[in-house]
């Protein structure tokens, strides 16, 4: 019997699987937060989740809408100030994985959350960098999760808010005290990893029922596929059940029906 | 020593046209009521500082209070854009809004340095980012011991900081609990400060290392129950997440926004 | 994740001859029992770092564990000199002791910068003082924004930090309460850390913004009730001020000191 | 009826009187702590006392032996970390008076608490700077209290641990963001203030029963006296009673007889 699931569910579950029990994960809001909490509620019960609002080792029962919902604080080991979070915990080198979303991503995994168009005359003004620019450099490695589309996956981002490997793939070379950068990108279509030499993102695994053509169609550059292309295992019954229950609780909570 | 004033008096006395104003609160304890009072008093030409502009700055910008915004993440958390902020940046409505943009780490460090009385903050930041190309305040220095290149930014020292907190005691000492964000730094870095509180009590009930601002670093305290809504106050009321979602539709259209502002801010305040 | 070890195992596993060791606790929560274990295990050539050396470092220096001391105030608080420290500096007994001297502000900033992962700390310090003449680590930089001259010192990043705290839970998270000093920074700045605690409990009973070190930044936890005596642990026992006064006479004379050490540290530990 | 009092009591009481109710006072251990708490227990009940151990607005019932006695923490408004104390509260500019003791002081109110003799071959090694070097520059002004003797009041200190006005009296000139420095020195013999022009310490008031010769004898340089030399008012009955009771409580407490 094969389970029914959406591509969004496939993305969250795949992203969750990337997180192991012993990680200290600095979690971005939205998709990363959904995946990180799903990991915690399934195979990684002891994973340490940290949000930039200052909540250390938090275990929310519902997904936070904002980075600083009360739920995050009340279920945390302790809550520190925002400067302490960025100075001691992130820049201090205690984060194993920074988990980010983005509005645009390019072939060298640079992220743009600043704007579309020109900085002084933007076509679309986006929220901005937030914590991402330093999460991406201070965390030991970075995972990115984002929906796959030609609008999102562009050859060159309009603005490098947050460095992946730079416009030439070499931005981290010979920089002291910098993390390994984006080692994993999880979309609703596939998994991508940087080529060890060029750092260009390469598809390493296709999700079930996704074709190479689907990925090519949704990517704004001439995307490469790994020689040994894998197929991502489909969601299990448990993964789907936990994710759906989490999203249901969350929806009820944020609609004021808690 | 902190003065106990009404919110109206506090805003009138301590916030002036042209001031640099930091209203802080990282999702939690956002001083929304104070922002509405600023709108009612028609303050103009403010330089607004805030890590996460949020709805209260969207409203103040839409109401025409701001000429400049210094920020690091300007969105409606978990929902999307701040449409009034975008309209001001993209279309100069209701007036042109200059922006100066940082990362969270940089702004947190800049507030911290301001609280520490220093002219600059030094951090390992902005590596590979285009932000230094568009923000002339971001420079780089070399560590005299290791030669490492580090980012340097000016500290933040606002004219006025405005925050919301759980409570003050009758001597004017203020307790902040939960997600304490950057509020202590904002107040210590500022020349003047206004604190709205849920209640004024005999005893703060603070634990031994609690985040407490002594009366002598606060200019004015105003008792404003619910002063953070639709943000929240830990121990008092929850975040009104539904309103944050509703705000998207209200703010998307100029007329809808103006009607909301008139009904919910301008007329509401006048009645009290 | 923190390992639960006996104090003997923890010191044996994590402190090695030649290490740079920071045993912190600002008057309160001084890790005295851990210092005694270092003496019993005859660790040698340690570079000891501590803002206020206090009795425990006087004992370790007198016992011959240290080759260098980095500090900012080396006295017996409210009583007078540390005679073993003075004997080592002035007469090289039991061995020559190199010293590197700072102010409290500078050391506090250097630990803070260490915890923040930075190579240097910047402060408004040492103006007019002769300390920069005798401490080559103190330099001055110019603020790129204001031109102000500010002191710069290397951050402190010890091999090992050793602290004492009220309690740990069974997952290895540690609560520190009261005068929290520089302990959190020392642990976060260090490569390895040992925490002795009064007790291990099911629930830390920590308030929402309490000073808690998560298990994953601590190397080893040892349950050592009374581990701070004659210093104190808030909520457990008071400072033994009388012993601090008595120490003056004990430490003044080499033989009296050696006899005290033998009876109270070396033989005492061996029995347990 | 004239009261009996010791010169030490005279010193503490005079020092206490210098502190007014609205001050934020950063208190050194020993004599400054005794005077500051005496002020709080007499004419300045609302004075804010801060100790470098992190205790903000503390009200100890007995004098602390160390800078970090439990009493200081338990009676404080709150207790902050040591880096926060030095960064936010002292360097941040919130301290109106830094109140210090010293081992040596010279005619320009420079303080030496480092050593007697040469730095590499000291005759006597003293405890060191502690908080004083930056208290002296970041506080809006500095009061010093110390017993008067030729060993203590020297023409030139062996080592400037903590700057008064420098070796030439000009160390604060044109330095940005620096306090006014030592404006008041209180000894067991007299009160001294810096000359407004040269910054050399000048005796402005003699304590009761103290002669000019007593001060000259106890001072290691050619000490000057103000043209309008005052006589310090003798202790009042209340001042003496409160001081003696405080010292009695303190002695009992630190001997373990509390």
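We just call them A, B, C and D in the order they show up, numbering each chain from 1.
One rule holds in what follows: a residue touches a chain if its C-beta (ideal position, glycine included) is under 8 Å from a C-beta of that chain, and two chains touch if they have at least 3 such contacts.
All figures in this text were calculated on a predicted structure; none of them were measured in a lab.
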Practice problem: Spell out the chains that contact subunit A while also contacting subunit B. | Solution: C
Quiz item: So which has more C-beta pairs touching, A-C or C-D?
Solution: C-D
Exercise. With chain centres taken as the means of their Cα atoms, state the distance from subunit C to subunit D in Å.
Key: 28
Quiz item: Counting in whole Å, what is the centre-to-centre distance of subunit B and subunit D, each centre being its mean C-alpha position?
Solution: 40
Self-check item: Approximate Å spacing (C-alpha centroids) for the pair subunit A, subunit D
Solution: 57
Practice problem: Identify all positions of subunit C at which a residue touches two or more other chains, and write them in rising order. | Solution: 112, 117-118, 123-124, 146, 148, 178, 180, 184-185, 208-211, 234
Self-check item: For subunit A, residues contacting two or more additional chains
Solution: 73-74, 79-80, 87, 91, 138, 177
Quiz item: Which chains are in touch, pair by pair?
Solution: A-B, A-C, B-C, B-D, C-D
Quiz prompt | subunit C contact footprint on subunit A (complex, rising order) | solution = 22, 24, 48, 56-57, 73-74, 77-80, 87-88, 91-94, 138, 177
Quiz item: Which residues of subunit C touch subunit A in their complex?
Solution: 1, 112, 115-118, 173, 184-185, 188, 206, 208-212, 214, 216-217
Practice problem: Would you pull the subunit B residues touching subunit C in the complex into a rising list? | Solution: 117-120, 122-124, 137, 139, 141, 143-146, 148, 150, 152, 154, 177-178, 180, 207-211, 234
Self-check item: Residue numbers on subunit D that touch subunit C, as the complex places them
Solution: 29-30, 52-55, 64-70, 72-74, 79-83, 85-87, 90-91, 110, 114, 119, 122, 124-134, 137-138, 159-163, 166, 171-172, 175-178, 253-256
Self-check item: Residues on subunit B engaged by subunit A in the complex (per definition of touch)
Solution: 26-28, 51-52, 71-75, 77-79, 81-82, 85-86, 89-90, 101-106, 108-109, 111-112, 123-131, 134, 146, 148, 178-182, 184-185, 211, 232, 234, 238-242, 244-245
